[in-house]
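Chain naming follows the written order as A, B, C, D and E, and within any one chain the residues start at number 1.
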Amino acid sequence: MSDTAQHVTVGPSPHITSPATCTGIMLWVVAALVPVSVWAVVSMGWVAAQLLVVCIGTALATEAAWSALAKRPGTLTDGSALVTGLLLALSLPPRTPWWMAMVGALVAIGLGKMIFGGLGHNLFNPALVGRAFVTLSWAGVLAGGQWFKTLEASGAGLDAITGATRLGIAAADRVASGGYGFDLAAQYRPLLWQNLEGSLGEISAALLIAGGLLLIVKGIIDWRIPAGYIGTVALISWAFGSDPVFHVLAGGVMIGAFFMATDYVSSPMSKTGRLVYGIGCGLFNGLGRFVGSMPEATTYAILFMNGLAPLIDRMTRPKVFGVVKTRA
Amino acid sequence: MVVGNARFRGGVHPPERKEATSGLAVTRVPVPSRLVIPMSQHLGAPCAPVVAVGDHVRRGQLLGDVSAMVSAPVHASVSGTVSAIGPVLTTGGTRVAAVTIQPDEEQDLEAYVAVVVEGDDRDRVRAAGIVGMGGATFPSVVKLTPPKDLAIETVLLNGCECEPYLTCDERLMVESPERVVAGAQHIRDIVGAKRVVIAVEANKPAAVEALKAHTQEGVEIEVLPTRYPQGAEKQLIYAILGKEVPHGALPAATGALVHNVATAAAIADALEHGKPLMERIVTVTGAVARPGNYRVLIGTLVSDLIEFAGGLVGDVERVIAGGPMTGQALASLDVPVTKGTSGIVALAKGVAARAIDGDQPCIRCGRCPEACPMGLEPYILATYSGKRMWDAAAERNVIDCIECGVCSYVCPTKRPLLQLIRLGKSAAMSKGVK
Amino acid sequence: MPKSFRLVLSVLVTCVIAATGLALTYGATAPRIEEQKRLAEQRSLEAVMPGATFETAGEADPLVAAAETAAAPVDFVALYRAFSDGQQVGWALRLASRGYAGPMQLVIGLDTSGSVTGVSILSMNETPGLGTKVKSEAWFIEQAGELQPGFTDADVRGTMDAISGATRSSNGVRNGVAAAGRIYLEVLAGEEGEAR
Amino acid sequence: MSTVSQMALLFIGAALVNNILLTRFIGLCPFFGVSGNMETSLGMSLAVVFVMTMASSATWVVWQYVLEPLGVGEFLYIPAFILIIASLVQFVEMYLRKASPVLYRAMGIYLPLITTNCAVLAAATESAKPGFFKLNIALGSSLSLGEALVYTLGVSVGFGFALVTFAALRERLELAPVSRLFKGTPIAFITASLLSLAYIGFSGWFGL
Amino acid sequence: MKEWYAAFRQGLSIENPLTVLMIGLCATLAVSTQVQNAVFMGFAVVFVLTMSNVIVSAFRRQIPTEVRIPIFIVVIASFVTIVDLSMNAFVPGIYQVLGIWIPLIVVNCVILGRAEAFAYHNRVSLSIADGLGMGIGYWSVIVLLAALRELFGTGRIVWFDTALVQLPSGYQPPGLLLLFPGAFLVFGFMIAGSRWANEKLEARKEARACRP
């Protein structure tokens, strides 16, 4: 009797838990992004690999260093810094100078997350904070052309467009002449399978969609955010008389909708809230493309909706069982 | 079998793990060498012993009682000699007064001292010491006496048994459906209801069949989808009747009265045969050599019960009294089975939840508010409680928590959500928050 | 009531003293403010066409209304005729074009053939260090000198490269230059014929 | 003369693109002062929309019919405008206390604070005195009363929106284990920085 | 004299209007993109603060309590107008850049606050000390913030077209510091920095006090 008692421990109910763990979730996100990353390296070459290594390495190092300095238990194993570093790398153009990528990762983890108290407390998506910091700080270096050019050698039938992204050219053409200088429908294929302009993560919309669907099927992300997001972008493109398919596939919409906007910490909690939030992201991303001055608005659209998330949470609190709704 | 789509909001579906015992007929556990019968096996005032050390008692004889309204008397489950009266450890981890009985060599478990009382059926239910056998152990007579201004229209019998592992109610419904139905009819007659609905989860087809074979006029069987906590009173009422129990009100406010199937059967026995509550079916399962459904005398020690089931197997981390979602982990196995002990579940390492050190962050994944059957936001309630922001927690309805544990179950960072919420809830209660 | 009277009186006295003091200050500074404005304008006019003298085209001048139409969406502010040794050598245009943070006041000199003789930025609200590069990085404005006579909007876009990181400020200047081109083609080129 | 679409642009330009708090830094005292609590920031926002609109119309009228005709505007506009706003706030407070206790309870205590809120003076000056309006919309050298009203409404709604957003963010910040050095004001500034980072996305919308 | 110095000192560190009291923020953040602008803005505030303190203090016996606030406002607004007109006349370039911020000095809470809290209750000489102390405290914070933003945001500090300080040419300045998020960001870090410095100072003081 007494020997059985020895290996018995007590603890509060419930005594069983679901198999989901934080690290597990993060690793699934990483897994969903692996095909895109590998394909980016294969297509773009070692510059892409270098960017991935620098971003992830710096992100992990920053997290570890901060935890050590703040004398808090290390949180490296939860995998969130890995995801942030990976997403940051995927959101940058392949020829981003290494020091810039490093600063981006440092800012993403330091300013985007750790300063707020670490995982779970950041108000904005850390990877996007890092990306916004880098792109705004060194817009000249990044957009000056030298980092985008040179990829035509790999020849994917893109010789016509070098030096700027398709989206940028589409926007410039629209401003100049009210039309497009190239056939948008002809861009579906490269955008889906191998798009050598823009950032690493824009290499293949198809792989991003596959990864996103995997996460939805695994119950890791809520379909409402990407659905609301992509649907709204398509709707706005259509309303502005443009090609919805092109606009959904081009630029950061896919990676934004499936991987950036769905970041748990900086998105709303309730289902309704998530739908509203997804639609909001799509609205500002879509509008930004047509009425804004920047060809790409994904980063700011999501950051803006991150800012609104607590407000959305407040307004979409679940109805408490048995409580009749009264004006609060 | 038609599964209704009636359901409640939220909930989870943990692995059922009922297959080990669901097909096993109930067998009787032999009389152990001693029985420890606590004086408080119910919610409410504890009983005072009416026997003294050295007294010889007969099976069914009254051991303790108290005059309070919310209470239930305790009876001897065997014939024997009172060897001690004093505090003992119970499954709840507290020490309560108990009467220890040394059983006689010769036992006739078919015979007992029948309860004889003046008065109506309610008095008889009380005298038989019947309490809610689903685990809540609320004295049944109190439930059978709803406030005068509330008319009871429907009696709901809870045969959901939504807790994983447990099969005691299922076996009862399969083996003695007529007692369940009879109990339901008694309850209906006592409270003057029109309708009786017996709710069973879809994972118990045999029970549904058995009940249907004994269905009487005015007794409906409703098959519900399998989802935890389907058997929680408010959730059950909502699933069947579509009515929400108003915040701060009794469930009876919806015109429904919920009793466990085992309680109903016990009420039938009490009213028809004057049989006091002396034994119950306990599912012993998990990491034990011979899992099964056992008819156990109240007062049998868990250690004796596990020994009868072949002992613990392998590396056991926790032994639970009740189901794994709401039951209590036992610090010692030398505690008696009581009226509310529906199961003894031994959880092996790896199956049992791990206690995690330190402050785990909430990653705002949204799983807990989605799972909460009460529409609460466990993550924020737990955070408020952890920061001792009691008012903020109260403002967000911490008091409505039914402690079902789904939030802790689904949390990927394994925050002790329920534990923290309980803190906030008790703080709110002590401040008189309604 | 004497109390409230005292209160009102004290406020009134303060106001009167303050108003008088301010009126005096204004009287003292107003001429200088005007002078400064004139000087600034003069300096920028000279910057775009050194050595010339300028004559402002009045409200009644038919060219003004026509230039206003041709300039849109850029705002037309003023038109000056430039003379050297009694001969008209060109025009200067003062335009307000949208930059990143509000309108930028540009002065653009055109010779009689329609070439840009110079561009100067009279005032702007651009971000110091970023948008203000359109002024501090001289090569940017000097690009306007490469435009051929009779240039069009497309020529401006093709000739003048934007400063990276200050695209919208650059566009403000480029749109101003393009507007000057339009004004020349639609309005001034005609006057040139008459002047001869 | 201005069309409906121009008015819409004026509103968006004032509320989002040139958000008075996050892109122009005007009126930051209440932004950091009262944003700790949701209820207060809602009350404050309401009061600001109310007072700002009234103040701008008042200063517009005074400029157009008093200061400008008398030729004293250039050197008296600052004292005149601030006195108008201060007395307006006084009157509003007295009126509300009598006429609408509900509204007074909602925003009464914020009214005195608004007198010294630079956002109100800024919006009033920009809509009344020529030369201060800096939005990239061609609207002539000075605003009409209607334009001034739309502009002020845009400014104040943008103010309120940013304030309420920030209050909601700060409620979450309250629960976060921010390191000691950054707890309180510094982290509020950093949050404001990231929120204004998001507003950069609006720059150049509709060419504003 | 000691009293005078104490009043002066207060504004510099102990009650610095910006980092400790957190008032008068708006202009600080807005004009701090360039040291040059910040210097003039700071001067404008020092001038208005000191002069209004002087006037309020000199006439403190004549100003009735009931209407003191309107009178303070008129006094402050007058000095602001003087600054407004003078800057327009003498430094038109700077005046252009500062724009709305000059009239907004009126509602800088520091100024009304000092008139109300200090000048109205103290003699003229002390009020001057208070005004100067507070003003210089404000001035130094705004200039420091501008210096940080300009130096790291553009790689150099420029004073009327002359570079005073220049970082090595390899430095790629993050332009974000010049944009509006940069103002909040740098100021947030400045407050954290001053907090850190204060803590160190306190710790040292304590250590000294503990020594026998």
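Keep this in mind: a contact is a pair of C-beta atoms (placed from the backbone, for glycine too) under 8 Å apart; a residue touches a chain by one contact, two chains touch by 3 or more.
If you're wondering where the values come from, they're calculated on a predicted model, not measured in any experiment.
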(message) Which chain is most central here if centres come from C-alpha coordinates alone?
(response) A
(message) Farthest chain from chain D, going by mean C-alpha coordinates, please.
(response) B
(request) Would you identify the chain whose Cα-based centre sits farthest away from the centre of chain C? (result) B
(request) Measure off the straight-line distance from the CA centroid of chain B to the CA centroid of chain E, and report it in whole Å. (result) 70
(request) Calculate how many whole Å lie between the centre of chain A and the centre of chain B, each centre taken as the average of the chain's C-alpha atoms. (result) 48
(message) Quick check: how many Å separate the C-alpha centres of chain A and chain C?
(response) 44
(message) Could you work out how far the Cα centre of chain A sits from that of chain E, in whole Å?
(response) 41
(message) Give me the residue numbers in chain E that touch at least two other chains, ranges are fine.
(response) 70, 74, 77-78, 81, 85, 99, 173, 175, 179, 181, 185
(message) Going by the contact rule already set, what residues in chain A reach two or more other chains?
(response) 111, 118, 121, 133, 136, 138-141, 293
(request) Give every residue of chain C touching chain D within the complex, in rising order. (result) 15, 18-19, 22-23, 25-26, 30, 73, 75, 98-103, 125, 168
(message) Show me the residue ranges of chain A that touch chain E in the complex, using the header's touch definition.
(response) 100, 103, 111, 133, 136-141
(request) Spell out the part of chain D that touches chain E in their complex, as residue ranges. (result) 22-29, 32-33, 74-79, 81-83, 86, 115-118, 121-122, 125-126, 132, 134, 181-182, 185-190, 192-194, 196-197, 199-200
(request) Can you check the complex and tell me which residues of chain B touch chain A? (result) 9, 12, 14, 93, 164, 234, 238, 244-249, 303, 306-307, 311-312, 315-320, 324-334, 345, 347, 351-355, 358, 361-367, 369-370, 372-377, 379, 397, 400, 403, 405-406, 408-414, 416, 418-419, 422
(request) Name, in rising order, each residue of chain E that touches chain A in their complex. (result) 172-177, 179, 181, 185
